[in-house]
Amino acid sequence: MSTNGSTMPSPQVLYNLENPVFCCYLFWATVLVVKMLLMSLLTALQRFRYKLLGLVPLGLRRKIFPNEEDLFFKNTEVQFNDPHVERVRRAHRNDMENILPYFIMSLIYISTNPDATVACNLFRVASLARIAHTLVYAVYPVPQPSRIIAFGSMLLITFYMAAVVALRTLSFI
Amino acid sequence: MSTNGSTMPSPQVLYNLENPVFCCYLFWATVLVVKMLLMSLLTALQRFRYKLLGLVPLGLRRKIFPNEEDLFFKNTEVQFNDPHVERVRRAHRNDMENILPYFIMSLIYISTNPDATVACNLFRVASLARIAHTLVYAVYPVPQPSRIIAFGSMLLITFYMAAVVALRTLSFI
Amino acid sequence: MSTNGSTMPSPQVLYNLENPVFCCYLFWATVLVVKMLLMSLLTALQRFRYKLLGLVPLGLRRKIFPNEEDLFFKNTEVQFNDPHVERVRRAHRNDMENILPYFIMSLIYISTNPDATVACNLFRVASLARIAHTLVYAVYPVPQPSRIIAFGSMLLITFYMAAVVALRTLSFI
């Protein structure tokens, strides 16, 4: 595993900024991390019910919090079942179920030294599909099959990467 | 950190396909990623209630969806409390709670250059234990302590890796 | 990408134990992995309701389990709504929403070869903030804004790392 430097060739290092595939991964993984973290803020927004598309009059605003210490205002109660809040939370959970395994899968996929054009476009399509997923699920609900298409795009890309990696490392089972 | 190449030895690169421990990690992490993503499809299956072990007659099938736009059929309602769907979702959540931290822990454990036999067998046992966990939790419920044993196996392996890494890097606290 | 060894300089390898920033990441990521896994055990503790701060008399202990096969004792029922259990579960979910993306973000942030003092202190503050978050949320509830400050610390650090990485790799969009 360790090399002597002078006579042996240097080991191939794929996880640094000289590898354009890794750089492309860095950019789009960062976009998805930011998107995921914004879901927390979107949930908080929904808890205060400032609607994203048109402000609601002050009297109709509702504050829905799951913990007693979160009740900033006197006229509120602990509540769990607001449909707008729960929708954002389901979208957030779906992100965790899909994007977090994708982060690991695409990171280790880079170690197989894939073709740069293929790999970069997979990263781009998967990331844009998940942004679309959030828009049609949590921001502005749109009839199916828009969400299933967005969901399936990243799923299929992750399965493709899994197939590539598993076939390459099958002898280490 | 950076080396001059001609006189200095090449840096040790553990995260590439020449390292059998990393290859073994790649294979089993891929297996677990695929297993986790299949949980989404298992939930969808349960929502349509095609039982995995024996098809239910058409008239008894139930369709349980959390969003209004998911109601493909007229005779269905938005519903949240189906016990079969919720069981799969709890198993999926348990996967996220345990497998996702394991992915990071075992990935960084490789950087300590562990003994190949030990590390590979830890990856194998942890992955097979979680597959067993899914089978006894979500596919075909089995009395305890089968699930606790499957759950505890990966947990203890992750704690072991954590102890190895923490002791090695304690001076960087 | 691949180098010839004798004439070319060795590639810079940031993901090994010779890089103090990576070592610091290893230590604090391990701490957070262990903290997250302990949440499962804290939930189990709450299910058996041995209070952390003072044992409850035997007769008042409650056992709240979500699965029928988990009912070890005759006098218990399947139950989902215990406020103490749900509080720990919300804290655990919040961990997943924030710490897991942070693991990926801080790991890839290392590839930009940041200043060691800055990077190490970011890792330390983010990790200690999340430990504080768990204490004030799940172990001993404390009035706001303690939890928001703890939550916001890691969030802002993750956003900062995201900005550094995105600006560095913007040409690979």
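Per-chain numbering from 1; labels A, B and C assigned in written order.
The working rule: contacts are C-beta pairs under 8 Å (C-beta built on N, C-alpha and C of every residue); 3 or more make two chains touch, one makes a residue touch a chain.
All figures in this text were calculated on a predicted structure; none of them were measured in a lab.
> Taking all residue numbers at the subunit B to subunit C contact, is the shared part over half or under half, that is, same or different?
different
> Quick check for you: after a Cα superposition of subunit A on subunit C, what is the rotation angle, between 0 and 180°, in steps of 5?
Angle of rotation between the two copies: 120 degrees.
> Measure off the straight-line distance from the CA centroid of subunit B to the CA centroid of subunit C, and report it in whole Å.
The mean C-alpha positions of subunit B and subunit C differ by 17 Å.
> What positions in subunit B touch 2 or more of the other chains?
Subunit B, residues with two or more chain partners: 5-6, 8, 10, 12-15, 96, 100.
> Can you check the complex and tell me which residues of subunit B touch subunit A?
Touching subunit A: residues 5-10, 12-20, 22-27, 29-31, 33-34, 36-37, 39-40, 66-70, 72, 92, 96, 100, 103, 107, 113, 120 of subunit B.
> Which subunit B residues qualify as touching subunit C in the complex?
Those residues of subunit B that touch subunit C are 1-6, 8, 10-15, 86-87, 90, 96-98, 100-101, 104-105, 108, 111-112, 137, 141-144, 147, 155, 158-159, 162, 165-166, 168-173.
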